[in-house]
Structure formats: C-alpha cells, structure tokens
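Below are structures written as structure tokens.
Next come two complexes, and both contain chain A; in the first it sits with chain B, in the second with chain C.
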Partner chain A sequence: MSSSEGETERDAQVPLFARPEWADVVPIPQDDGPNPVVPIAYKDDFRETMDYFRAVFKANELSHRSLALTSLAITLNSGNYTIWQFRRRILEAIDSDMHFELEFTEQIAKTNSKNYQLWHHRRWVAEKLGPEATEGELKFTRKIFCTDAKNYHAWSHRQWVLQNLGGWKGELDYCQKLLDEDIFNNSAWNQRYFVVTKSPLLGGLIAMRDSEVAYAVESIKSFPENESPWRYLRGLYKDDIVSWVNDPRVASVCLDVLEAKKNCVFALTTLLDLLCLGYNPSQELIDAVSGMGLPDTNPTRPDCGLAELICSILGQEDPMRTNYWTWRKSQLT
Partner chain B sequence: MGEFAADRHVKYILSVEKRKDDFESVVMEHLRLNGAYWGLTTLDLLGKLDAVDADEVISWIMQCQHESGGFGGNIGHDPHILYTLSAVQVLALFDKLNVLDVNKVASYISSLQNEDGSFSGDMWGEVDTRFSYIAICCISILQRLDSINVERAVNYIVSCKNVDGGFGCTPGGESHAGQIFCCVGALAITGSLHHVDKDLLGWWLCERQVKSGGLNGRPEKLPDVCYSWWVLSSLTMIDRVDWIDGQKLVKFILECQDTENGGISDRPDDAVDIYHTYFGVAGLSLLEFPGVKAIDPAYALPVDVVNRIFFGR
Partner chain C sequence: MDSSTSVTVTQKEQMMVEQRVFQIYSLFADLPPNSQSFMLEIQRDSHIDYLTNGLRGLGSSFCVLDANRPWLCYWILHSLALLEESIDEELENNAIDFLSRCEDPNGGYGGGPGQMPHLATTYAAINSLISLGGHSSLSSINRDSVYSFLRQMKQPNGGFRMHDGGEVDVRACYTAISVASILNILDERLVEHVGDFILSCQTHEGGIAGEPGSEAHGGYTYCGIATMILINEVRRLDVAALLDWVVFRQGIECGFQGRVNKLVDGCYSFWQGGVSALLQRSYPIISGLVASESEEYSDADSTLSATSDIPECEHAAIGGSSLQGDNEACHNNPEGTRDSSAPTNLNDVGHNFLEWKASMGPPFNPMALQQYILLCSQLQEGGFRDKPGKSRDFYHTCYCLSGLSACQYSWSGDLGSQPAPQAILGPYSNLLEPIHPLYNIVLKKYHEARDFFSST
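Right, the complex of A and B next:
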C-alpha cells in the first residue's frame, strides 16, 4: 500500500491547500443556494476537505490521490453517501486492492458501526472478493458483536454472508455462545432461528425441533420474563399449530413458571393461546391459575372460565396492556 | 402531565439555519433533504408551515434532482431513493407536486425494482424493505403505482415476514419496529394488509412499551422517541393503536422535550435533533394530542395534505 492511499497522522495535520500534491486543484465550496433551507455551519478542516472533494468529484478524477481524499472525507463524515459512491468508482477505475478496503472499513466501523453506507460498502467489497472473504466477514461481524451484540446492520450483513458466501459450520454454536452471554439477546435468538431453518448442514426445522424445544424450555425456566424464548418456542411450530398445542412441554413449562411464582405474564399468555386453540388443561394447571386468582372467581366450565380468569389476571399483572387483555377477553367464545 | 412546548419547537426548527458553530449540521449536509422533510412536516403539524418561504425551498429541491429523475440529499449529491421520497413529500406539503415531471420520477423509481420485487436504494444495489416502502409511498403520491410491479413488490415484503408477525430488512432479518413500519406501510398503500396477522403483530408491537411508557424497537432494547412513530403508525394502520397505554406514551414524549430551547431528543435529557423532534410530534399527532394536526400513518404526511393529493381540494 503506497503512502498516497493511506492518511498518516502527520499528513492529516497539514491542510490540503498547503500540500504540494494538491497544488493544481481549485477547491469548490458548497453551494447551498442564496437562502439555504437548512444551512450548515462549517468547521475549517471539514470545509476544506469537502471543498477539495467537490473539485475532484466534479472533475471526475478517479486517482490515487482522490482515493486518499475520500478516506479523509469519510473519516470526517462517514454518513456522506456521495463520497462512498465516488470511492467505489475510484476503486474500480484504479483496480484497487480490495483487501485494503476491508481494513479501511474496519477502521471506520470502530466509531461508526451503525452507519448504512459503511455496511453497504463492506458488502460491495465482500461481494467482489467472493468466498475467500467468508471467514473474514464472519470474524468482522463477531468483533462488532463484542461491543454491541444486537447491531442490526452487522446481523443483516452476517446473514447475507452465510447465504451468499457460506460459512454455516459454526453458526449454531456461535448463537449458543452469544445466548450464554446474554440470554435476552433477541438478535441471537433470531439468528438461531435463521440457522435452524436455513442451514444446509443441520437438516431443517423439523429435524431440529425436538432439541430446540428443549433448549427454549430451559431458557424460559431460567428467565420466564424473557420474551424471546417464548416466541422462539412458538416459532418452532411455525406452520403446525396443532403440534404446538399438543407438545406437552409447552403447557408443562407454563405450569412450571406459575408454580415457581416467577414473572408469569408470558406463561399466562401462552396458556391463554393454548386454551383458545382447544387445549384441555390439566387440573394442576387450573389449580395453579386459580391459586393466583382474583376473588369471586370460580371457573365452573374449566376451559372457557379459565381463559377469562387468565385475561383478568393479565389485566392486573400487565396493566400497561390492559386494553389488549380486555380485547383478548372479548374474543373468548 | 408536562407542558407541550410547541412554540419552542417551531423556534428550534426555524433557528437551525441561524447556527454558525454547529458541527452536527455539517455532518447532515448530505441528507439535508431528509432534514427538510422532518423540519417542514413538523412545522405543518404545528400549523406553522407558512413561516417558511415555499419558493426558496422548492427552488433548492429542484436543484437536487438529476437527469435520471432521482433526487440527491443536497445539491451536488448523487440520486438516491431516500431523498427522492423526501423531495416528493416536501413538494406535497407545499401543494407543488405539479412542478415535477412525474414520468421522470416514476421511471427512476421503477428502475430500482429488482426481479424478486425488492427495491434497491440506488444504482449501487443495496436492498432493504425500507426501500420497498419508500418506492411505494413515493410512487403512490405521484399516483403512478402502475409503473412498478406491485404484485412482486408485495410478495417480496411478505417474504420478509417473521414467525412473530413482524418484518425485517430482508428475509430472515430480525423483526424491528422501523422495518415493520416500512412493510406495513407499503402493504397498506397497496391494499395488501390481509397479509398481516394483525392480532399477532399488534401484540408484538404493544409489547414494545416499557415501564417508562416509552417504546423500544425490539425486545430488551431501550425506548427511543422515534419508535413513538414506527410502532404507533404501524399499530394505527392495523387498527390496534389502543393496545398501548397512550397516556403513558404522551408523558414519555413530553419528557423528551427541551422545553427551554425547543426540540425533542431520543430519550429524556439527551441532546435534541430535528429527526427526533419530528418523530415525537408525529407520535403526539397519532395520539391525538391537542394542537397537533392529524398525520396519515402510511404516508407520514398531514392528513389534509394526503386528502388534497387524492381527493382534490
């Protein structure tokens, strides 16, 4: 990598107008029009960098020095998509080394990991490199997850890598690792579902269902207030709701949560859903719910009365969503 | 209940142009068209759009347009679908859609549709359901839905639906309130809401409300005022907005105000910005807060503007 492509600390301190390699360029100031709608206040170094950028952009100069200029400009303002696009045109024109581009984006990601332009650029680079980039992309996203395990862009990128470049082998284990670190990480749960349903190495949803149900149930027992595993459990029975209702582990985990007197909102909601789908509750379940009970309630018809009771309890346990629970009650036949 | 400092917010929006040493403004240069949409729509919701010189704005906007028909974020910036929508929306606010060569804009949008029905943001090919919404919303305002393949567009959006009833950025992507707004909005505009499991999604959305009364965008994330829009507009479009505690949300939004200097921030005591100011006011609008005009949840424009587009004066 020649020094003209990277910006060193020393270079960055010398203003552009004083640098010999820029002597032939006339910088172009931003034209905001006579009465700018949302006018900008400029900082000098930024202003100067952008003035030079506009000059090379207008001249369509696709050179090493204009590449270096985009590095500087992106470092100062990584959200400016026009600069990124111009950079791509330069990279193609000078047939630049894409490996350096990976390093560059990684640098920018250190302070801008939620930037759309950055991630799109990274994807463009990875696409050019093809399958040889697979390990590097998985590693890169893993690094991002070390500081922000829910970074939406990174997850989107990782899914794209898996589907387009490969690398599925360790993915379920990786989801496990993230969930061990934070069982509340909804992104990791989503990724787990993605792997279980789409990985060419695992046999598909139905083959994986049994072990995944077991995992979801264990996670629920540890933290029943965790929304994700409840949804995950339901998702494992995606197009086969009857099997969800009939899997004894579903009602059983609801009972466990209620008997343990832990946060019961999702357990009650799940039980409510089961009842609405025709589930026939055991006496234990009826007793567990009644035991929570509101005074003056005595379900004589176990299934319908029980569901009503659950709605009332939920209205108390989860008052923020009182209208929802009232609506659920109104839907009971 | 706290005070809603409408006048301060108007002053804040108008005063953004007078700031000289605001570095934050500098980094927004390339998306000034978005900023104009957020600021001007907020002004209109607060009944103060006339505080701005429409002709100047329109003249500047038209300088952002390219040969392709698409608009850049500012003069000299490459066209992108994001800014094309903002341009069309701002022109709609001023009832000046007639300055557009509709065919040109329509052809730019339709050129961005892919084989699978998805939309790219621009010629560089980034795909995201955000762009599906943007394309559909934009083309609908121009009353040229015929210029895209609506069926394929809808099919692509449906392919991004998850088992929790929500939608992600691409198939398999985690459900996220922002993406949900985009997908539900696009389905609403194309008359395709039957693809949404409203009860399931409605519950997922109302579960975004946390103790403070604010809304988050995904399970176990922090609340942010912008979700007052993404979640609420989605709930409104599927007729379940009463499933959240409206009063508590109002209280949260009001707590995010800077009642001294104007503007609204992402959560209480953070710095304000135009983006969150718009979303806070838009959220209050959906909650029918007094003094705020009604906003259309699908088009993200005042209802009277939308009525004017589709039903004349």
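Right, the complex of A and C next:
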C-alpha cells in the first residue's frame, strides 16, 4: 500500500491516462450539464483526477490503486467529503494500516488545518486504533496549537480523544501552560473548564471549585479587561447560581477592580448580575460604585437603587452595549 | 503576574486589527461630507457584477470549493435577492438545472453532480431554489426524497450526521430542521431529542458550541438558537446567559467576533447579529417578560429610544442622531403573548415567528455594525470581506449583506414593514430586502415558498 502511495507522488507529473496501471479504467466526466452555474475552470490535473475518481467510485472499486487515487484527489481538494468517505470504505475493505492514515492526515493538516473532513477522518482513524492512539492524538493537536492555539476543530478533537480514549493526566497542566503563554486564550479557558468538570482524575467541579475560583480571581486581578476569567468564574457556578452570589470572593474581586479605577466593565456587569440575583452589597461596594461619579446623563429617580445606577454607568463606560444596558435597566423590578 | 510584560498573541493580533480598522474610521472622519456619503453607499452595481460573474464562471482556484457548489449558488443568489436584483431567465434556468444535477436519486443534494448528499449542501441548494422562486424552481424540489435523506441522517442522540459516515454537530441540526421546516415536512421523528442535543451544547459561557464541551461560537450559536425556535423549545435554553454572551461579541471595532477574545469578522455580522435579532423577537415571550398593556414607554425610559451613537470610534462622524423608537414597536402587541398550552403545528412555527412582534429594541448596536460592514468589509470594486487585509469572497458577501439587512430591520416591530430612515446607515437607498431570520432567506421568497409548500 505504501509503495503505491509513493508511486503516485513520484509520478505526479505523469497524467493518469498515461499510466499503465490505469489503462483499464475509463474516466467519467462530470455531469455538469450544458450550461452549469458556478462552473469552475478546473486545471487539467484536477479534472482528470476527478474523472478517474468518478470511475472507481461508480464501479465501487475498493483497491490499493483507488486508495492512492483518493490521496491524490484529497490533496487537490481536501473538502471533498465524498472522497474521504470512499477512502474510509476502501481502508476497511483492504484492512489497511491506520498508522499510515495518521501520517496522511498530518500532511493534509499542514496546508489545511481548518477543514472538517480532515478532522472527522482523524477521529475515525483514532477510534479504529483505540487507546494506543491517545498519546499520538494529544501530540498531534499540541502541534497544531503551536501555530494556532485556538483551532476549533483541533480542540474538539482533543476533547473527543480525552473522553473516548483517555489521556487526562497532563491536561490541566497543559491548560495552565497555554494560559501562561496567553492568558487571553479563551479556548484554553474552555478546555480548563472541560478538564475541571469532566476529568475522572480530578474530583469534579464541586471539589475543584475552590481552587479554580482562586485561579480565576488572580487572573482577573492581573487583567480585569480579560473577559475569559470572568465568564469562567461564573461558569464554575453553573447550575448553582446561589453559591455564586454567596461566594464572597466574587463581589470582592469586583470591588478590587472598581477601586483600581480602570477596566471596570466586567466588574460592573458582574455586580449588576449579583444584585439582580438578590446580592446584598456592602457599603464599600456602594461607595466604590457611587464614587465612579455618575456622568451627565439624566438622573433617574432620586431613590434609584444601586443596580439602576450601575446600568447608567455602564451606558457610559460600555457605550457599544447602550441598548443592552438600557434594556437591563428596564427589566429591574 | 506582571501585566506590563510582553503582549500575548491574542493582544498583538487584536492590536493589529484595531489599528487597521481605526485607520479606516479616522480617514473616513477626515473626508468631506460628500465623500463620506459615497463611502457609506452600498455599491450595488459592483456587487451585482461580482456576484453575477461568479454565477457564470469561477477560476481554477475555486477547485477547493468543488464540493460546495450549492453553497456558491446560495451565497450568490441570496446576495442578489437581498440587493433586489433578479437574474435573467436563462441563468435562472441554468441554476435550477444545475442544482437538480446535484441531487442524489435517493434524496438530498451533494456538493456537485455525482457527489454524496450532504446536509449543508442540501440546505444551500434548497435555499438557493427558494431564493430564485417561481414555479419551476420550487417544483424541482423533491420533498419526499429530501425527507427520506433527513431521516437517514437522524441520530439516536437527537443530532444529525452531515452525510453518510459524516460528523454530528449543531450545524447538522440546523440545516436539517431548517430545510424540513421550510418544506413543510417537519415532524416529531425529526425533532425528537434535537432539543436535548442542542441544550447539551450550550456552554458555561452562555453561547452554543458545535459539540458538547467545545467553545461557545457564533456560527453554532446561530444554528442552535434558530433550531430551538423552529422546534418550539427555545425556552429550554438559558436565554439570559445567551443574550449576555452574544451582546459582548460586538467589540470596539464595531463588528462582531465569533468567540471571546478572537478577532472581528464580517461574517459574524449575520451569525451573531442574527442571534441578537432572534433573541430580540423571542426573549420577552420566553421569559414571560412581555410587558402588560398598561406599561407606557416614555421617551426617557423606552428601550427603543436608546441612542445608537457609535462609541469609541472617536474619529467617526456618523450616526450622531438618536433613534426615536418606532411607535409600532413601542406598544406591546397582544399577539406577542403566546398561549404556550395551545398545540402548535411544528411546520407553522417558522411562520408564526414572524408574528411575534419585537417588544424590545435590538440589544446590540446596529448602527455600529453597519459602519463596520460598509467601511471595513465592503469593497468598492464589489464584494465584501472578513476584515481589512483579507480578500473578498462570496461567503462573506452573503453574510455581510445578510447582517446588514438584519441591522436595517432591527428596529422594525414587524419584519415586513419599511424601516425608519434613522435605522439605515448611509442613504436610504442602502435599504436591502428583509430576511426571515430563521432561514436567512429574503422574506418575499420565504412567503412564496411557504404558500407553495403549504398547498402542495
């Protein structure tokens, strides 16, 4: 199998019709009709490769040479899901070596790491290989993250690997590493959440919550303008919002940020959410907010509550979301 | 942690984009009024040429989209429909013929003639045919075989596979349900557990991911919420969290990003802008927040009179006027109150949605978004792009125009009614056709299809 793959690449210059191993196949042209729309001016090699693919596809030929042909065709257009699916059928029929598939997909990923078909195929291969593929898959996705630490497909794949094949051991550390490199990497924060909630090696969300809150709070203090840790912090209390409201560290970090007097938007929104959920603000917090000095908008009723005041302040501090803050204010009972 | 040390990759990339964007806004602000007006115009003729030429022929570099040709049709035909441009009969017939060659004998449409059927290309083909409209186009759709294909793709976990042996994700749910709904073939079997699957994809951030556990993402969030609305289960989502997540996706550049801390991209004008539009129209009903008739919306308090001044773009000299609320949208509409106990025919949900008159204004900033689309995404020579520095393409053209339409109608209580001039950035001639936000099809074409598929 590998030799026919090699042959295909070495003979890349020789058109298929001139290759003896393809002499018995009649290529099938595309049935675009007489006047197609969005017709593509295919280059000769593309057209020919696809004509031969159509022939083996129609004939349902599950052979080594058709496998080589799919390699060629995929290299020309890695988005052709029909070819990838046919390739899988061939691989199963000829009981092929899945390790070569890992190499093949890695080659494709070099030029096209954001392609659905590639990742789906990789997942299929990994599933076939089972737990022995774990380390390789974690390594492969790590490699992708070196050039693009937020590749969505790669992260989904990594999560699938962890859940289906294992390999959780170093994952929290890996998230930490990525966050040390770029604390604004929301994909890493999302992965952290995934690990903390799903890893069988950690105690689960409730057991991990305390230390994770501490981590999020520290991160917020360093970069209060970073949206990720704020959402992460809130997320730690998903399905237990009362505990979020009652955790003194939440209001406390808001106060810290407000007192530092810059990058206050998330502190204010968090405070607003707390108040809407029944939080009883300390005098310190009230003073910190009032101390922001309500800018020259129309003052609302003289006895306006803290929440309403925050909405007004946000209308000024976060003007892109003026409509939202006005609506939030209108929703206050 | 020392925050004055070197910037991270995220920060660096963000700064670079901001620089380019603000340079554009700054140059714009320095232009004389006439030139400013020109910059804000939709370059209809250029776009129409770009689109029509694409329909007629594409260069060899498009071979990477050889499995996406119905998408190319939809992106182009929908864009033309938004611009209210009809195409000549010959081209129309060619399109109908071509799409029928993409159809699989057992149902569904593939990426090109002879390719396996795929949910996304099925969605694109059907939306294309509906955007074309007319008897020939609509009657070319074989609903029985489409239904059969959808059933084959249905998975036990509630989701759908994109194609035989393909991936399962929220996109697949949306493309399947959207197609079924608009063709009037939606049923309990297709809908079963879809809500459970999508619910499992709403993340701790509030947005929706492609698969359970993945990151909240604009494209999937649109797919998720549109599907939930179509199957009448939007109440099951944490809508407050979703709304909060999506409004924060609009950044200082005035456009939308797809995920937290990622870069602005013109296509999210629709994915995220569309989410906002959907929430705006369904939120009050979902959370029982529909205002009673006795509430008065005075100018000072009304959400709808909130100014939409372009913030932070200190050099931009546009959009200074405050937007007075559209009176029609101000008053609570009793039709906005839905009796949740009344049985709903699944196939009517998409249509009934149009009657849910918005009782809140847009939660995002439509003027700012229009500014990003027109000044940063639009190309004078035709087409739209992701962001300055990127090339134009048909995908971005489609979704920038769709997003633009969503903005223009964001203050309209009734989607079918003409927006007030203040809702439109640039000349009133910028007005595009309204869309049905659940399918992203021009409203007129939607109604035609609805009538056609209800009666046949």
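Here, the second predicted complex is superposed on the first by the 315 of 333 C-alpha atoms of A that agree within 3 Å, B and C clash if a C-alpha of one lies under 4 Å from a C-alpha of the other, contacts with A are read in each partner's own complex, and residues count from 1 in each chain.
Just so it is clear, contacts are C-beta pairs under 8 Å (C-beta built on N, C-alpha and C of every residue); 3 or more make two chains touch, one makes a residue touch a chain.
Everything numeric in this text was worked out from a predicted model, so none of it was measured.
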Fit-or-clash call for chain B and chain C when the two complexes are aligned on chain A: clash
Partner chain in contact with A:Trp244 - chain B first, chain C second, else both or neither: neither
Touching partner for A:Arg88 - first (chain B), second (chain C), both, neither: both
Partner chain in contact with A:Phe46 - chain B first, chain C second, else both or neither: both
Which superposed partner A:Phe145 touches (first chain B, second chain C, both, neither): neither
Touching partner for A:Ser330 - first (chain B), second (chain C), both, neither: second
Touched partner set for A:Ser222, first chain B, second chain C, both or neither: second
Touched partner set for A:Tyr174, first chain B, second chain C, both or neither: neither
Most chain A residues touched (candidates chain B, chain C): C
Chain B and chain C contact sites that coincide on chain A, given as residue numbers: 30-33, 35-43, 46, 50, 54, 57, 77, 79-82, 85, 88, 116, 120, 123-124, 150, 152, 155-156, 159-160, 163, 184-187, 190, 193-194, 198, 226-228, 231, 234-235, 238, 320-324, 327
Chain A to chain C touching residues, read off their complex: 28, 30-33, 35-43, 46, 50, 54, 57, 76-82, 85, 88, 116, 119-120, 123-124, 149-150, 152, 155-156, 159-160, 163, 181-187, 189-190, 193-194, 198, 218-219, 222-223, 226-228, 231-232, 234-236, 238, 269, 298, 319-324, 326-327, 330-331
In the complex, chain C residues that touch chain A: 1, 3, 8-11, 54-60, 62-69, 72-73, 76, 90-91, 94-95, 97-98, 101, 110-116, 118, 162-167, 203-206, 210-211, 213-217, 243-245, 247-248, 250-252, 254, 259-262, 289, 300-301, 303, 306-309, 311-312, 360-365, 368
Parts of chain B lying in touch with chain A, wherever the complex brings them together: 16-17, 19-23, 25-32, 35-36, 39, 52-53, 56-57, 59-60, 63, 72-78, 80, 121-122, 124-126, 162-164, 168-170, 172-176, 202-203, 206-207, 209, 211, 218-221, 242-245, 248, 274
Chain B-touching residues of chain A, taken from the complex the two chains share: 30-43, 46, 50, 54, 57-58, 77, 79-82, 85, 88, 116, 120, 123-124, 150, 152, 155-156, 159-160, 163, 184-187, 190-191, 193-194, 197-198, 226-228, 231, 234-235, 238, 320-324, 327
